[in-house]
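Consider the two complexes below, in which subunit A is the common component and subunit B and subunit C are the respective partners.
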Partner chain A sequence: MRRRVPQLVCGLFGLLIFTLHFLTSDQAHRTYRLILDDYYQIVFAFALLVGVVSFIRVNLKAVERGKDRPYRIVSLLGLLLMPVLAMGWGIGGDSPFLWVFDNVQVPMQATVFALLAFYVASASFRGFRARSLPATVLLLSALLTLLSRSDLGGFMAEYITPVADWVRYNPSMSARRAILIGIGLGSLTTSLRVILGIERTWLGGGK
Partner chain B sequence: MDIGIIIAGLLTLAIFSFLYRDNPVYKMAESLLIGVSIGYFLVITWDNTLRANLFDPLFTGGEIDLLIPFGLGLLMFGRFSSKTSALSRIPIAVLIGSGAGVAIPAMLGARTLAQMSATVQPLLTESGWLNVSGLVVLVGVLCTLAYFYFSREHQGTLGRVAKTGTWFLMIFFGTTFGYTVMSRMSTLIGRVEFLLSDFLKLTN
Partner chain C sequence: MLLSNFVLLNTSISSWFDWSQLPVLIGTLICVLIVLYTTFYQAGRRKFKMREIAGLRAVEDAIGRATEMARPILFTPGWGGDIQRPTTIASMNILSHIAETTARYDCPLIYPTHDPVIMSVAQEVVAESYARAGHPDRFQSDNIRYVSSSQFGYAAAVDGLICRYEPSSIFLLGTFEAESLILAETGNSVGAIQIAGTDSTIQLSFFIVACDYTLIGEELFAASGYLSGDESILASVRSQDIIKVLIAFLLIAATLWATFDPDSSWWRF
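Coming up: the complex of A and B.
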């Protein structure tokens, strides 16, 4: 019963949304939008809240045990800071909430993203060796893209850029298309399996 | 100097300190980033979704039907007790079921059919020449799909076609890698420029 009811709900909602997609009446369209724009978003927001509560619980337990205490406290203070600022001064243009976002969150996020440039470079030094013909093709393709999109290739841009664009829009695009077709078919079959109750891993363990 | 720039500069350096090795300054900045990001996202979710789409219309506008998603959302919190954890499967079922229902036509349309129709182009141009680009795309898609076809052993003709597919895949991976490097590099240039011009005032 604890697994059957959710399975039934899942199948019914899946069938309902699938059917509504093909119906053309205004009522069907309104119901479709109501479920996806309102109900889905709201339930999803609650799922995210559960994640936040879970994060707080895990960190509080770690603080109690003394494991990485200073870092956990900083995380919790950071989490607490944003709602406090939002409740006190709002989230508009010149609010402290937006100030923290602009001067704390954005610079750190951008730096973490930039940090990966070093690791991408080091990985390519180790991995990009022309040991076989396919590896050489990969290397050449990457080099062509890098040259065509950087100042380094500026002096020969008129030759390199059209070749790089042709590679990008034809052979590279064809492999991308095949992968997208595969993803589409895979998602389609997985969705069908979920609706028909064949795929049940989302129910998790337990009774 | 603006206090915001000083803080942003110090936090940028704290994150970059990871390049030396994992250290307490980096860990502190990382923990702060995690906390602030979750806090930001919590506020935005509250303001954009829960307040705007649920609490205001329900309690001020009197839209009683919103009690359904509200009740489903509250069931999510059943997860925190072993006695009520099974209840949280119902809102999850709504999310998974709706997601699966919307994914079937969306995936079929945007991913599969649209890509297939874009692949099939006229093989002759208007002036009667062979459309080489169109032929390359067609051959590339078919060969790459053959590479991902695992129901038969890759031997004989299928093996050769699949092998050709790997060439196209290599070109794709190379191009994608090139663009990834470029995006990371441009962000890195942005951060270094910020440090040198705004924070340290070494350049204009």
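Coming up: the complex of A and C.
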């Protein structure tokens, strides 16, 4: 019973969404959006509460144990501060909420994103080594693409860029499309397995 | 009377059915019929065997390594997906198998996620896996945790976990975006064996360079059948091969047709 009901709901909604996709009426489109957007938002809101409670519990336990105490306290303060600022002074143009968002959260996110530049360099250094024929082809393609995106007078634009574009739009795109077909078919069969109840792992598995 | 009813029905169908989606409907129905046929008819009659997938074969080694080194395993589904995505469901299937094995070996499993719905489902999946392994007492719900819904907040939190816990094995399986390389390189810096897989072809290239094993394309979706050996799931994976052959024939036919009759357009849908 504990598994049958969610399985039945999942199957029914799967079939309903599939059917609604092919209908033209406004009512069908509204129902489609209602299920995909509104219902999911309701589920998400309740689950977010569970997530936040879990977040507070994990961090409070760590603070008690004295493990990474400063980081945990900053996390908890951040979690409490933002809703207090939003509820107290709103989220408009001059609000403290927006000031904290623009001057604390956005720079921190940009900092983590900027790390990517260093990680691309270290991964390229490790990965692009001519150890075998496929690795050499990868190395040459990467060099070609890098060169085509740099500007050294008109030489790159005239000779290198067309070759790099050919590599991107032909062999590279062919391989990408083959992978995409596989992913599409994999998604289709996985969805069907879930809708038909063959795949029950998302319910914890078992019969 | 009958004729007028038929005309009326035909007119009403024309008004509510989106005819531009007809090729999609036909293609989907053909695929669904093939999947149903192989899953329900052939599953009991034939033995299906899947080729060796290096990334999935390495799962046992990765768990064994973590147990020997007395270090945890970290599994994360990426920032890009929610529970509605087939990739997330596919990653749950692998999580279930890994959790069952870690429960047997008493190896801690850490699962940080950006989505509270995924967290709730993952807690259920892992708890059931621990129960199936006969060790429900070893399950710690706090190890399956929500960290942040912000992309780089999530990346920073998972990076922090990797640096503090130094997991011996890291599984990056799910939908990843720009955080993929940040996580994979941090994992590499602590010497973890890394198994990755995603449905984003852009992020796949980062994983191939930075991780030890990468599940490419449908390998991620086939993992459930490969790891569990379930006949019905293996049969549904077999149906993918049949559809792929059909697509290949269609592509060849369309290419030849377009070559000899460039003005034709039946294959453009």
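The working rule: the second predicted complex is superposed on the first by the 194 of 207 C-alpha atoms of A that agree within 3 Å, B and C clash if a C-alpha of one lies under 4 Å from a C-alpha of the other, contacts with A are read in each partner's own complex, and residues count from 1 in each chain.
Operating definition for what follows: contacts are C-beta pairs under 8 Å (C-beta built on N, C-alpha and C of every residue); 3 or more make two chains touch, one makes a residue touch a chain.
These figures come from a predicted structure and were not determined experimentally.
Novice: With the two complexes superposed on chain A, say which partner A:K61 touches: subunit B (first), subunit C (second), both, or neither.
Specialist: second
Novice: Can A:P6 be said to touch subunit B (first), subunit C (second), both, or neither?
Specialist: First partner only, subunit B.
Novice: Is subunit A touched at more residues by subunit B or by subunit C?
Specialist: Higher number of touched subunit A residues: B.
Novice: Quick check for you: in the superposed arrangement, does A:L48 touch first (subunit B), second (subunit C), both or neither?
Specialist: It touches subunit B and subunit C both.
Novice: Would you check which partner chain A:Q109 touches, where first means subunit B only, second means subunit C only, and both and neither mean what they say?
Specialist: A:Q109 contacts both subunit B and subunit C.
Novice: Just checking: does A:T24 make contact with subunit B only, subunit C only, both, or neither of them? Give me first, second, both or neither.
Specialist: second
Novice: After lining up the shared chain so the two structures overlap, which partner does A:W166 touch, if you call subunit B first and subunit C second: first, second, both or neither?
Specialist: First partner only.
Novice: Give me the intersection of subunit A's contacts with subunit B and its contacts with subunit C, in residue numbers.
Specialist: 18, 21-22, 36, 40, 43-44, 47-50, 52, 54-55, 57, 68, 71, 105, 108-110, 112-113, 115-116, 120, 124, 176, 178-183, 185, 187-188, 190-192, 194, 202-204, 206
Novice: Touching subunit B in the complex: which residues of subunit A?
Specialist: Subunit A reaches subunit B through residues 2-3, 5-7, 9-18, 21-22, 35-36, 38-50, 52-55, 57, 68, 70-72, 74-83, 86, 91, 97, 99-118, 120-121, 124, 134-135, 137-146, 149-150, 166-185, 187-188, 190-192, 194-195, 202-204, 206-207.
Novice: State the interface residues of subunit C toward subunit A in the complex, per the touch definition above.
Specialist: Within the complex, subunit C touches subunit A at residues 15-18, 21, 24-25, 28, 31-32, 35-36, 39, 82-84, 86-87, 89-90, 92-93, 96, 115-117, 119-121, 124-125, 127-129, 132, 141-142, 145-147, 150-153, 155-156, 159-160, 164, 178, 181-182, 184-185, 188, 199, 201, 204, 206, 208-210, 216-218, 220-222, 224, 232-233, 236-237, 239-240, 243-244, 247.
Novice: Report the residues of subunit A in contact with subunit C in the complex, numbered from low to high.
Specialist: Within the complex, subunit A touches subunit C at residues 18, 21-25, 28, 36, 40, 43-44, 47-52, 54-55, 57-58, 61, 68, 71, 105, 108-110, 112-113, 115-116, 119-120, 122-124, 126-128, 176, 178-183, 185-194, 196, 198-199, 201-206.
Novice: In their shared complex, at which residues does subunit B touch subunit A?
Specialist: Within the complex, subunit B touches subunit A at residues 4-5, 7-9, 11-12, 15-16, 18-19, 27-47, 49-50, 53-54, 66, 68-70, 72-74, 76-77, 79-80, 85-86, 88-105, 107-108, 110-112, 115-116, 118-119, 133, 136-142, 144-145, 147-148, 165-182, 184-185, 187-188, 190-191, 194.
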